[in-house]
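Presented sequentially are two complexes of chain A, the first with chain B as partner and the second with chain C.
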Partner chain A sequence: MTRIPAILLIVVLVILAPFFVYPVLLMTILVFVLFASSFNLLLGYAGLLCFGHAMFFGTSAYITGQFLKVTGSTLEFGLLAGVLVAAAMGLAVGVIAVRRSGIQFAMITFAIAQFVYFFLLQAEFTGGEDGMQQIPRSALFGVIDVSDHRAFYFVVLGATVLALALIYRIIHSPYGEILRAIRDNEERVESLGFRPERFKLVAMTLSAGIAGLAGGLKATVFQFATLTDVSWTVSGEVIFMTLLGGLGTLAGPAVGAGIVIFMNDELAQFGEWSLIAQGIILLLVILFFRRGVVGEIIAVLHKRRAGRSEGLTKGD
Partner chain B sequence: MFDGISTQLLFSQLLIGLINGSFYAMLSMGLAIIFGLMNVVNFAHGAQYMLGAFVTWLLLDALGIPYWGALFIAPVVVAAFGLITERIVLKPLQDMDHLYSLLATYAVALIVEGLVRQQYGSTGLPYSTPIPGGINLGFMYLPWYRLWVVLFSLMVCVATWVLMEYTKLGAYLRAATEKPDIVESFGINVPRMITLTYAFGVGLAGLSGVLAAPVYQVSPSMGSTLMITIFAVVVIGGMGSIMGAVLTGYLLGIVEGLTKVFYPEAANMVIFVIMILALIFRPNGLFSGKERSL
Partner chain C sequence: MIDTQSGSKSDFAVETRGLGKSFGGFDAVRDVNLKVRRGSVHALIGPNGAGKTTCFNLLTKTLIPTTGRILLHGKDISSLRTSDVAQLGLVRSFQISATFLHLTCLENVRVALQAKNGGGYRFWRSLRAISGLNARAMELLERVGLADVADVRATELSYGKKRALEIATTLALDPSVMLLDEPTAGMGHEDIEPVTELIREAAVGRTVLIVEHNLSVVSSLCERITVLNHGEVLNEGSYAEVSSNADVVSAYMGGGEDD
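== the complex of A and B ==
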């Protein structure tokens, strides 16, 4: 019962936010909410640590940008191009990386991401070290003008909500159940007649596609794409966001992304301290709060609820 | 020899490849030893290597201790840092999913690299070579220090391999990798062995850092860039195989050097391409099965 007012409050806040906070900052947060949620789909629900998730994010940023620049098409096709390329990449990387299980998956994705980084550094269309500039923010569906930041905020918001709903559907579907079962006990699932590799590949493709949507949106929000978007620092950052917010929870990555983007914004003036703070907080989270912010809150609520129901039975 | 490619260029790139290969071999060997015993992917390996180079630089800059002193002191300092890291960070995580220890060492790497950068900036600091001069071999010029790096790292790799394969200590280590509880029941302190092994692997990274100081610029990011290549090397060689790591390290260094001669655009990608091919055609690692893995 307490859920409905809470959701209403969030809806109101999210709609009013761009009138009080700089919309570009809000859009950055939304983009990373999406990106971190796609990462969480892999690590939190499939148990796959992709240590190169930025390759999907960054590549899609370039592809979306290039598509919009060259074809001059409407916004949605640019984003679609980025998503499709990222998803195909996810599938390809998955085919290579699921050959080694567990921890090696992280190392392989990390190395492939670096390969992609070098490739994009040398590819001509990316502009190399200078990055890709002046990406047009074409009208959505050809009719809705989004050149104004505040107007575009609502487009990004809509895309984020849709993608989060998709993730929600995925993890609450029978497919999602099997994915979680694979995470917890792969041999068991295999012995039941499923082929874990296929489920992992689908997860990889979906996750990469959603990360691609985040990357495409990022490219159109800032109207440029750079090598930073593909770098391992961004891959690490998205891991940090997800763990800080709460691995394997739907709201966790969103909360984590919000905190980290705000933190980066505040700490930007202190140079290196931003990365150092990230390292220290990540270490503390891993050592003491593995459930993350949202996970800890849920645990506290559960405990309280359990305590209350226990009190009731005693009272009876 | 080949059209448009001088022997001079070929051999000098081969030498650079061999030098890089020496570092790949030493670093991936440390990584393989740590992984073999602890199942920990030591993401801080690059940062610890960088630390070795920085300690070397600091010893000279602040205390006036030259290279030959640093060669002994810096690895010990870095190993001590590893010891503390293991006690504070890795020990509490040893019964958790191994992903946590990987992420924790990644966090350590972020902190170490960030602090060094904060203190010394991101531009490289020069460290002059302790053995100036070299010899002209006719087809190429060979600086003494480079020869020293190749020979010394080869010696370290062989010595470590002998230690692991033919000594009692190595036998304990390999046994503890297989069945820690049984080894413990023989009265061997396995937790202490784990701590010391991690410190040893980290010390190797530190030693590589000392060797690297006069070759590359001493800079905070020198480790993180190398780290990614090392990961690829270890994946190609087969995780946890010491010999595999060492051989793959040298081999890939040379392949990379040759690529620079024949197809320079692909030089920084070739190792990753090989990794992808190896994963497709030899999914268990290039040297798996040929040799007992630690």
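== the complex of A and C ==
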């Protein structure tokens, strides 16, 4: 019942936001909402801790940038190129890593991500330490001019909403049901006649592709791509966002990404202190709010509802 | 998809020949020649550490045998993988209850129904695509007495109900051979009786191989019993035969785990 007004409120806020807040900040938040959600698809729903998720994000940023620079094509093809390369990369990494689980999977993905980082550092087209500059933000479909930040905000918003809808669909699909079963008990799923590693491979591909979309959008928002985008700090940051917001909930990573980006922006003037603040917050979350912001809210709501129905039966 | 009842060349649903498994030089299972008659309920018993679970793991190919062969309805399955063995109709339950804790009871059973219907990869479809399986899932839940908690997550069920859910999930595959690893372990008195009945009903028209420590459950369910000790077959026969065998009695008295 309370859901519809809440959704309406969010819709209104999201549409009005760029008229009150700097659109580039908002777009950054959206990009990381998308990125964190793709990460959550793996960790929260397939139980795979990818410790190198930035490789999909950052590589796609470079690919999208390079594609737009070289071909001068319209925006959507640049993004598509980034998504496809990232998804293919996810598939390849999956083939190597997916048979391992837990910490081994994390370490393998981390190692591959480091390798990708050094490859991109050496590669000529990336501009190495200097990064890739002046990525054109060409017109969407060749007709919609997005050079204005506020106009582009709505494009990024649309892409984010579509991708989140896709994630929602994946989770609530026949496939998603089996993925969640694998997270709970992989051995049992196998004993029922499935090949769990194939399901994880699909999850890796989808997640990497969506992370790639986030990376491509990031490159076109800022019109540059740098090594930071593929670095382990970004891989770590996305883990932080997801845990802070709430693992395995749809809204969790979005809320986490929003909080972290906003906080980074506010604390930027204090330099190192923003890192220390992040560390303290992470510590507090791990110690006291295991379920993350959204997870804790859901738990409180559940408890209250359970308490109410208990009260009813007692009253009978 | 795969006709689980065919291949009637053999009288035995499951047969092993010289089956063995060693873990770094330690023989957990050695030269086991098991013959489980089609349509029977067969028990595998023995002291702790005798190798019963390891046998199950070999039969389902969760572990790769060091020696020997495994036949399912006369067909050699030694080189198949776990998921293929399941598709051929050999499905197991686990010693430690194995439900999908964060899925509802209905979803738990539906996962197995998806396996049977060859589904699984349609990430772009909504759950409506498999709502046709719900009626069958409810039927199975009804059968094990869980229809009223169909929408409850497995994590909230009592231990006995979790085991019942596991049986419903296993039955969803309509397996020709069911392996049950200590289905009543850790249960209170009040749960053992209904689960035993459930197994008896579920066994109709199938072959069941069951590992069980509760001997009254074994004697009431099983026609034939194989006793394992230190990884080897110690004795085999009816309950009366096995329970009067001096070696079996001393293996149980002496305890299999002290060396």
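Definition applied: the second predicted complex is superposed on the first by the 315 of 316 C-alpha atoms of A that agree within 3 Å, B and C clash if a C-alpha of one lies under 4 Å from a C-alpha of the other, contacts with A are read in each partner's own complex, and residues count from 1 in each chain.
Rule of thumb we're sticking to: contacts are C-beta pairs under 8 Å (C-beta built on N, C-alpha and C of every residue); 3 or more make two chains touch, one makes a residue touch a chain.
Only a predicted model underlies this, so the values are computations on that prediction, with no experimental measurement involved.
Touching more residues of chain A than its counterpart among chain B and chain C is B.
Look at A:Ile112: by the touch rule set out above, it reaches chain B but stays clear of chain C. In the superposition on chain A, A:Ala268 makes contact with neither chain B nor chain C. Of the two partner chains placed by the overlay, neither chain B nor chain C lies in contact with A:Leu162.
In the overlay built on the shared chain, the residue A:Leu283 is in contact with chain B alone; chain C does not reach it. In the superposed model, A:Leu16 makes contact with neither chain B nor chain C. Within the complex formed with chain A, the chain B residues making contact are 39, 41, 89, 92-93, 96, 98-100, 102-104, 106-111, 113-115, 117-118, 224, 228, 231-232, 234-235, 239, 265, 268-269, 272-273, 275-276, 279-280, 283. The part of chain A that touches chain B in the complex is made up of residues 43, 49, 96-97, 99-100, 102-104, 106-108, 110-112, 114-115, 118-119, 122, 232, 236, 239, 243, 271-273, 275-276, 278-280, 282-283, 286-287, 290. Across the complex, chain C is touched by residues 169-170, 172-178, 180-181, 183-185, 187-195, 198-199, 202, 206 of chain A. The part of chain C that touches chain A in the complex is made up of residues 60, 62, 81-84, 86-87, 91-92, 94, 98-103, 107-108, 110-112, 114-116, 119-127, 129-130, 169, 173.
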